[in-house]
C-alpha cells in the first residue's frame, strides 16, 4: 500500500481551470494531499486559493523559488510539484524544482522551445527524477486499449492516420471579456502558435501514445481565419511516420459546433480503430470483414492492463478527471517505487519528457514548414 | 466558505463497488473527509478497509450501533453518516443514526417497505435532520437542465413518458462466481423484486426528478425470463400520472448489449426531451417545429442553476462520480446551512425521504398489481 | 426472364401519396406497366391521373367493378390489380377482383374486420390466386437479414421484444387543412382505432416477419392524448408470444420529434438484434460477448438470400421504394411462376393474407382488451 | 405536362452497375423510356442487355457511331443519350452525339483531360445542346437545402471546409476476381489517378454545388498505400477558394470500415453545416449559439425549392436512386423547355459541363502539384 503523498502546486490560483482540474484528478483517487502552493504571483491571490484549500499559512509561498527552497528543508516536504502556470514559465519553474530534487508533473506543452525541453530531460536524468507531462487524453482507458490492440497486431501495419481537434470557441471576432480566449489569441502571451500549439499538439501526442509511431516529416499550413488574428486559429499538417504511414492533422478553434472535438482514426492493413474524445467511453474498430464494432470501457473485451484503470462498471460514465487521474496513478506508482527502491523504467506508463520533446520538435518543424511556404520539413526527433 | 466536513461510512468494505463510489464522489469536491467507519460486519475486513483509507484505529468500528454511540460523544464527531450496506439493513442503520442525531446519506432503495420509509421520515422530521437518498442519476447537470426546461413550460403540458432501464448482465443462466449477480437473483437476499426494485426504481425517481409528476396508478408485469430465476429479471409497468399523462417503464437485466441503459423520453404538447444516461453530457429536445437539437453540458444554453454544478467546460466529459458529487454538494450545502442556522427547505435540491417514500410506494403497488394478474393499482403516495 | 407484366390500380388519384408510392416501387424494377385504373370515384379525377400516367382512355374506369368486368374480357388484360383506396373499401374491391380471377396486391390493413380477411383468404384459395398485403417495412434487406439470423439461431431463443412506432405529426390539436390528418383522427372514416390500427399493426407485422413468432395474448391501453380526439393517438400493448417470450409495443402519433420512428429490438438468450426503420441500411446486433456490431446492407456479412434483393453496393442508400419494390419482386416472381406452372407455396416470401389475418386478429383483440379495462385478451389466430 | 421522353444508352451492358443505376433512376420518375442502346462493344453482349430491356432489335446498335447516325434519321428518334462507358471513351462518344444534335447525359468524370472537356463545352454551345454530368451526390435534397441555406447567408462567409471520401474496398493487396477493383488499380485502364479521380472529384464537385466557391490553388499528396499499387489509393489535397476560405480533402480507398464515406463539413463565420452521404436524409447545422440541429428531408424546415424534389414524407427514406433521379428531373425539364421554346439558362439546376470542366482542372492541378513534390499549384478554372 502506498502512503498518501504530499504535493505542492505552482499556478492554479483564483479562476484557474487547469489548476482546479489537476487537484480534482488527484482527489478522486485520494492518493496525494495538497500541502504547499504558490498559486499566483500575487501573494494576495495566492492566499485566497491557499485558504480555500485549507493549507497551512506558512506553506502558501510568494514565489516558486522560495517554495522550492523552503520545502526542500522540511521534514514533511512535498513529494512532487505540479506546475500549471502559463506555458512560457514552465521551463524556469520545472528547472528550479528539478534542481531542488523534486519530481515534477507539468502541464503541456512542457516548454516553449525544443532546447528547453532537452535541458529539462538532461536535468531529470542527472538527478534521477520523474517527470510527468499531463497530456490528459492519453489517460483514457479506451486509448490504452487501442494501443494494446495495435501492439498485438490486430489491425496490422498502420497505413493512414486522420487526426483532428475541432473547437468553435474562438470563432467570434470579438472575444473581449473571455479571459481564456484573450490571452490565447495574443502573440505576446501565446507565442508563435495557438491552434497548433494548444490543441494540435494533443493530436500529435495522442497518436504517438496510441501507435508508438514517430513523425519524420511535416508539411504545415497555419492560418488565421478570424479577421485581426495574429496567430493561427486553423492549422492543417500533413505528416509522415517512421513506418511509412502518412497522416493528416487538423486543429481548429473556429469550427462552430465543436466543443472539444479531438478525434483520431487509425487505418491499418487489417483493420481500423476510431477514438473520439467526447465519446471516450467507447472505442470503434473494424477488421478485415469491414463492419464496425463498438466496445465500451468496462466490457469484457477490454484487456487486463487498460481495465486495471477502471473505477466503474461499463455504462457508468467515467470522464476527463479520471483520464487525468490515470496519469497521476502511474506517476505516483513510480514515486512510490522510487521511494521503495523498486523502480524501473518499464513502469513509466504516462507521457514524460520524451513526449514533451516530441511535442516541441513537432511544433518547431511545423513553424518552419509554414514559414517556408508549406513545404516538407524534417522533425528533429526523427534522427 | 464551508469547512471540510467529517463523515463516517457504514458498509463499503473490501470489494464493495458502491462504497468506493461514494467515497470518490466525496473526494472529487474535497468537501468531506472520511474519519470513521464500520465497513463490514467482519471486524477484520473492517480494519482492512479502514487501514487502506488511513483511518484512526479507534474509529474503525465493529458495529454500526457502537459507531453511532461512540461518535456522538466525540468533540470531533462525524457531521453525517453514509449508509451503503445491502438494502435490507438500511432501515435499522439509518434509524440508529437518526436517533443519535446524525444527518444521513443512504443508498437507494432507502428501505424495504413503505412503512419503514415513513418511519424514517417521521424520525428525521422530529430530530430536524437531513436525509439524502442517493438516486445518483438525478445529479446530472443535463437532468437538472431538463427539469428547468419543463418547469419553464418549454415543452408544454406533459402527455407521454417512455422510460427504460436495459441491462444485459443477468442474461446468462449461470451467474455463479459473479458476486454482484449471485445475491441479486436470490429471493432471500434481494426481496420480492430485482429488476423492478434495483433498476426500475431509478426510472421512477428519474422521471419524478425531471418532471415533478406523481404516479397515481400502475399496471405491472414482472417476469422471470432466465430459466430458474426466482424473482423478476424483466419488468414492464404502465403508469398514470397526476396530470393525466401516461407512461411506460421497462426494466430488464436480460437485454444483451445494454450496459446501463437508463433512458427517459418525455413528450409534451409543445415539445419533447430525451435523456440517455450513458450519454449524460448531452440532452436532446425538439419544439413545435419538430426537429432535434443536441445541447451539451457546458454550452451556453444550459441555464444558470444546472450550470452551477459544472466542473469542466463542454466537451470535457464529466460522468457518474460528478453526478453523485452533485447530490453531495447539495447535501453538504444544507449541512453547512443547518450549522449556520440559515437552512430552509427550499435549499433541498437532492432526493430525500420524499423520493424514498415514492420509490417504496411505487414498488409496493407494482408487486400488488403483478400478483393480481397485471391490473391497475393505486399508488399510496397518490392520496 | 419474366415478361413485363400489366397491372391496374384502384385508388391513387390526385394527391394520393400511397398510389404514387406503389407506382414508383413498380417502376424502379421496370417489372410491370400500369395499363388500367380506377383512380378515383370521381371520373374527372380519374381521368386527370390516367392522363398524367399516359393510360389509354378506354382503360380509365369510372368504377372498380366496371374495371374488373372489362379487364377480364380483354386479350391484353391486367395480370394483377393494386388496391390503394381507403381501408374501409379494401374488402369489397379485393373481393370483386378475386372473384374476377385476378391476383391482388392490397395496402394494409387488408380489411376492417377479421371475418372479412378470412373471407378473402377463402376466396383466394378457392380461385388459386395470389394476394400481397403491402406491409412495406418487411421488404427491407436488413429485415430479411434479421430473420435469417434468427432462423439460424444466432441469438438463440427469443425472450423479449420491444417494438415502437413513434410519430409526432398528430401532436397539434388543430390539424385542419392537413388532409392526411383530418380523416385519420375522424372515427367515422378511420374506424375504431388510429394509432394502433394505422401504425401499431406495422410493429405487429414487422415482428412477425422478423421472428416468425405468433402473438397469443395482448393487454392494450389505447389513449387519446390530444384534447378532442375521438380515437386513440397513443397506444401501448403488452404482448405474449407462442414461445413464451413477451413484448411491449408503443404506437404514438403525438411524440413530437419523431417522423416515422418504427423500431424493433429483439433480445434472445444468446444475443440481440435492433432494426430502426429510419436507418434501414443498418442492422445492429450483439452476441454473448455483449458488444454491438453494426452491419450495413451491401456488406459481405449479409446472407445470400437477403443480399439477392440489393440493387446498390453498401454505402449507396436504398430506401422505402426499394423495400416496397422487394415485396413486388417476390409477388411478380410468383405471378410469373403461376403462369409457367412452376409455382409452389414456398416461393411466397412476402406478406400475404396470413399476415393480413394476423393483423386483424391483433387489432380486434386489442380493442377488446382496451374496452374491458386493459386486461389480457386472447388473439384469435393463436388457436 | 411533359411527354414521356425517349432515350438511348451507350454502355451499361451485362454486369454494369452504373448503367443499371441510371436506368432505375430514370424509371423511378417514369419520365423517359429506353428505346435504343449500344450497351457493349460486343454485339452479342449488347443484344443480351437489349433483349433483357425489351428493346426493338433494330435499335440495339453494334457501335455508338452507328447508333448516332441511325437515330438522327428516325421520326421517333431518341431525345437524349446517356453515356455510361469507361471514362476514357466519354469524350469521343459525347462528341459524336453532340455533333449529331443530341442532348447528352454523361457519367463523371466527363473526359480525361481538361482540353477535351472544353471542346465538349464549345460543341454544346455551338449546337445549343444540353449536357448533364451525373455527379450524383449533388442531387440529394439535403445538399440542395445546404446550398440554399448558404446562399441565404445563414452561416455567413465560409471560412473552412473539410471534405472526405473514405472507402475500404481496395484495402486488400489481392483484389483479383473483383472486376470493379481490377481495372481501377490498373494505370493503363484508369489513367494517372484512381482515388483522387474516382472519388476525390466527388468531394470537389459536392463542395462546389453546396457552396458555389471556386478552387484557386491546390497542394496535393497522392499516395499508394497498398504494396504494388501503380496509382494513388489515398490522396490528400489542401485547397484554397476564391473567397479566401481554405479546405482539406481526403480521398481513400484503403480506409477499412468505410463503405462510401463521402462527408462535407462547412464552417462559416456564423454557423456550420455537415452533410454525410450515407445519412443523406439528414442535415446537421449549428449557428452562433453553437449547438447542433438535425433536420430531416421532408420536415417543414426544408425550403420550398429543395422540398420540390421530395417523393416521400420525412422518415420514409429516399436514397441514391432518387438523388440521381433528381438530376434527370432537372435535365428532362430543360429538354422539355427546349422543345417548347421556353428554356433559359437559369433553369439548369444540375451539374453540367461547367462542373465537368472544374473537375478536370482540379485533377490536372493536383497531378501537377503531386509531381512537383506537393507544392501549391494554380487551378486553370480560377483565371
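Quick notes on this structure:
For reference, chains read A, B, C and D in written order, and residue numbers begin at 1 within each chain.
The definition used in the following text is that a contact is a pair of C-beta atoms (placed from the backbone, for glycine too) under 8 Å apart; a residue touches a chain by one contact, two chains touch by 3 or more.
Please read these numbers as outputs of a predicted model, since none were measured by experiment.
Of all residue numbers used where chain A meets chain B, over half belong to both copies. The two sides are thus made of the same residues. The distance from the centre of chain A to the centre of chain D, with each centre set as the mean of the Cα atoms, comes to 44 Å. If you average the Cα atoms of chain C and of chain D, the two centres end up 35 Å apart. Shared interface positions of chain D, i.e. residues touching 2 or more other chains, are given as 259, 290-292, 296, 299. Chain contacts in this assembly form a complete graph, since each chain touches every other chain. Taken in their complex, chain A has these residues touching chain B: 1, 4, 17, 20-21, 23-24, 27-30, 51-54, 167, 258-261, 277-278, 280-281, 296, 298-299, 311-322.
Looking at the complex, you find that chain C touches chain B at residues 159-160, 162, 164, 168, 171-172, 219, 221, 223, 225-226, 234, 236, 238, 246, 248, 250, 252, 254-257, 259, 265, 267-272, 274, 284-288, 290-292, 373-376. Interface residues of chain D, counted against chain B in their complex, comprise 289-296, 299-301.
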